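In the two assemblies presented below, subunit A is common to both, partnered first by subunit B and then by subunit C.
On to the complex of A and B.
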């Protein structure tokens, strides 16, 4: 059995998936608990939940919005996310591994469709990387980790895509080893990097709204903590 | 001709920032202590507020895609990466991550990197006030990060570290600790004289006696306009009073507190709450049922949003004069002559009541009901562009060049493109900024309040 398969079907991937799932679950739970505690402290606990839910859902499939702001970048980002989600969760090879490891599975999607989505995601991801490198506004925002994460994801997409092409001259097992190692690296860092937005996304708009619900006497307590019981003059 | 702009100098000779800051009291604070003061303030605010979970959430999830840049009128004018809302937000998130998370502290110990420095504080002090707090960028953030809220928090921390615009601080000092108890320092006798003058003017204008009741216990509404309206916006106030009388509303002005302005919304939550408590105290003194806010965007938003938050069981409903007037028109309690206002009119949405509030359609329907030639700017409503003077900037005269050349440029272009002869906007701050913009860009457009037009058309 080639090395990549040993990794993919062995303890390494099981351990990695465990870290990823538990880490993300921990993040999700702690964030939800923190938000709940913040809402309990708030003086006014009424929330426009319907409006928040609509806004959150509208960005899940934001086709009507993509053209409004940085259309090329937005479209690239959309297909990038789409390709990752579909290739990651609906490729038969991935589902076979998941079934071996955890005994769970769901229907896969046809490979040609996933190939097309993966190719679109590669092009989209490459555009995002180049934009981050060359557009001053994005470059100024970016840290090393922003580039590295994009590169790791592009490695995964590209190696997975090339491995299945008849014109590929790179040994299949080498590509799959590269694919697997990058995949494991990504799963390991997911809970500790901005990729965590994959699970935190549903909570962010709600959190932004809750944070505007200030607790009564919070400002006064800050003043007392900083200046003692006599406070300060303005 | 399209309006042209330049980026004004980011600093002035009198302050390291483009706004003036009061020097610290002698012996109380040195420049060397600013980092410590900032971190102490940040720690105290995180402990006693609801910002901590949000910092954590944003620091973990922000994808830094930069999509917000395009929607920001400041970035549109400067194309400076430092004006990207997400960049500004990350200035504060970096400090939070470095000093208030385990991961950041460990990284600091291991790699010896220190996120906060004097220069970084200066950068934040500049950046958080180059934001007009209009929150337009929140519309375009796919994740839902509220950069306006982060700018608000950044300003709050800075203010407790001794960095706040002098113009705002002086106004608030007079409002909360001064003799007059209002931001325009109007003594009560002067207010009463002013009300008498307004009553006479209104009688002369409309031939009907319209009262400005003061200290009427048990009235339905207590009225808080932006107090500067008493000095500068006579027509707006007369329009308000005419509507209230014609609609048969019982209302009063409080002699002990009559200022709707709340600059706390712009820079400090402690100040914000103290001002809200003054509104509530006066409302209960006069045993009214509701709080009525005049034509002022931030006053309406701060009262509507924070009276329920800070007043607890003493909370009262908060209503905008725009809601009340439109309701009175719909109910047939007031009649507006549709033949009077014949100029082309457009409406500017104050960000605080449109994007961050609940007033979008009411003033439009009101204006359309009697203005013959009403046009919209593009975009408008919740997607409107800020006048450029939001977040308190318009109260800082030293920011004039920035407001004209940078933050207000897009709005000037919008108004020019609308072809309007009159811009109606229900906000004292927006009106001041837009008048200065019209002068600066030499656009022959009159800036008025919505009730200035109502006053012209109302039949008493």
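On to the complex of A and C.
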């Protein structure tokens, strides 16, 4: 069995998925706990909860918002996410590994469709990377890890996409090893980096929405709400 | 102790307990065979050894209860609760460990219904159940004193328990006396497995007396540890008197043990220079006579160092005796090596018990009958609380964040190191097949276990050729798949493992020969998976020589299955067709096993 397949089916993958799945679950629970603690301390019963829920849901699937501001960037980001999610969760080879490991499976999508989505994601991701590099506003906000994570994801998408192409001259097994190692690295850092937004996103949106809907003069109580009666400085 | 060190120790205990829980999931999911080194001939392993030690070190509970309530030695009352707690946790650990050892742990209640009054185990089961209940009732007042249990109902229970304490204590003493000694009685029913230096017809009594010494000295050790943990003052005068009582028990134990060995003439075995005799010597001299000498001197006994040293030595000596009996010197038909899961569970149970102990000591009035001991809150930043911005340093949320981070890390490591896939698939290490030898007579013995089949190869071929009218077709009846350029590939060349199906397709090699990435489409359709690959016969036209023969599946079945499958089908058909039922019997092929001497002769002639 080639090295990459040993990695993709062995102890390394079990460790990685353990860290990734349990770590993300832990973040989700802790963040929820944290929000409840903040809400309890705020003690405000005038929050428009229905409106907040609607807003949160509309941000989880932001199709209707794509054209509002920076449409090109929004569209690239949307396509990028779509490609990652579909290629990651519906490629038959990925599902085979999951079935071997956990015995669970779900229907896969046809390879040509996923190829097209992956290609779109690669183009979208490249645009995001260039935007980060060349737009002054974005560059100022970026940390090294923001570039690195984007590069790792692009590595995965690219190596996965070209591995089986007839025109590609890099050996299949080498490319798959690269693909596997990058994939494992990405899964491992997920709970420790901003990629945790893959599970925290709804809660992050919910938090922002709650913050937007605090009543007038609520800001005076913010420190108290976030940090408790001691009111330490942020 | 600095708060930081306390946190580190607790983290270590949590890590052990979580690792033990992960191993427990493996054990309960896949069973004893897949997760431990135990088997039918080696039923006693690490868990039993630990269990015997848990019970021995719980001996302080009944001893101190007897001293305070029966002999009215009221001065020992301040450490009574600690003794009860230690015994409660020791017996709790015993019961939890027992669940792992029982093949069908959900049948643990069976001794209540099915009374096997001839069985030592039956007596042990009842004593453990009852004594654990008694210990729980003895300790319950400590819990009921907490502010949460102010409700009148709890207060009523509290008063009832106070009234019932004397009968409870007496029941407890009787039960644990019975139980400590009946654990020793288990050894009586298997003298052939126990080393003579540890075996004794007096072993139930030895178990009971040594439990008194070990239990009291465990209390002394615990006193010193708790003192360091909480920074409180150790009651040295009390512990010193415990040492005195323990010295009497130890002297009696040593006298009985050595005297019995001497009287039965076994003692010279202690000088034969074997490793068992060295272990015995160390156990008796360093773990017995040395601390006895230390304890008999009042001057040494009254110093912290002297008392601590003798406590450590005595506990080590008694632990060594229990472990030697049940683990080190026990005779086994094959060497026993505990599996990783066994070790993790064995350590995880006492680690969890230690955490419960610390929780009780820090939150209940265990040490002092008036109020729980408040320790100053730790002012250390817990690591691994990321990304939990609002977690106060020692808030409950901060602790949850910290410990859950620890848990994720440990569980992930366990997922990697525990043999989960091996256990799940029942996969064994590779057992490469030994090729059959001969041609006219084919000697088939894939695992060289000498249970070979003497297969009349030429006779089968000639007969089939006559029936079919073609010798080529006759070969193809059994040789269903040929490697490229071959005409009758031997069975073992594809069925390479004796017990497991193995992958015999070399993907990398095919890929290279066919021209790398440009060649995927040569075999695969759109999807690049094994399922989408073309059958081998599409290129290797001569591989499957006969129409309708089993299509090539890259996972070649185990040799054992392949050989039986090949012969049995045909033999069953012929047995029916020719009305000769003997053709389908095992002994038709495995005839040599009918007569062992014939088999031996055959092997010699071979």
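Quick notes on this structure:
The rule we apply is simple: the second predicted complex is superposed on the first by the 203 of 234 C-alpha atoms of A that agree within 3 Å, B and C clash if a C-alpha of one lies under 4 Å from a C-alpha of the other, contacts with A are read in each partner's own complex, and residues count from 1 in each chain.
Quick note on the criterion: a contact is a pair of C-beta atoms (placed from the backbone, for glycine too) under 8 Å apart; a residue touches a chain by one contact, two chains touch by 3 or more.
These numbers were taken from a predicted model, which means no experiment stands behind them.
In the overlay built on the shared chain, the residue A:77 is in contact with subunit B alone; subunit C does not reach it. Touch criterion met: A:139 reaches subunit B, while subunit C stays clear of it. Between subunit B and subunit C, the partner in contact with more residues of subunit A is B.
By the document's definition of touching, both partners, subunit B and subunit C, reach A:192.
In the superposed model, A:1 makes contact with subunit C only, not with subunit B. With both structures placed on the common chain, the touch criterion links A:173 to subunit C but leaves subunit B unconnected. By the touch criterion defined above, A:27 lies against subunit B and subunit C together after alignment on the C-alpha atoms of chain A. Look at A:59: by the touch rule set out above, it reaches subunit B but stays clear of subunit C.
In the superposition on chain A, A:88 contacts neither subunit B nor subunit C. By the touch criterion defined above, A:17 lies against subunit C but remains apart from subunit B after alignment on the C-alpha atoms of chain A. On subunit A, the surface touched by subunit B in one complex and the surface touched by subunit C in the other have residues 27, 34, 37-38, 192, 196, 226 in common.
Residue ranges on subunit B touching subunit A, taken from their complex, read 40-41, 44-45, 47-54, 56-58, 60-67, 69-71, 75, 79, 81-82, 84, 86-87, 90, 103, 138, 140, 142-146, 149, 160, 169, 172-173, 176-177, 268-274, 305-306, 308-312. Touching subunit A in their complex are the following residues of subunit C: 386-392, 397, 400-401, 404-405, 407-409, 411-417, 420-421, 503, 507-508, 511, 516-521, 526-529.
Interface of subunit A with subunit B (complex): residues 27, 31, 34-35, 37-38, 41-44, 46, 55-56, 59, 62, 65, 68-70, 73-74, 77, 135-142, 146, 192, 194, 196-197, 200-201, 203-205, 207-208, 210-223, 225-226, 233-234. Across the interface of their complex, subunit C is touched by residues 1-2, 10-12, 14-19, 22-23, 26-27, 29-30, 33-34, 37-38, 92-93, 96, 101, 110-112, 163-173, 191-192, 196, 226-228 of subunit A.
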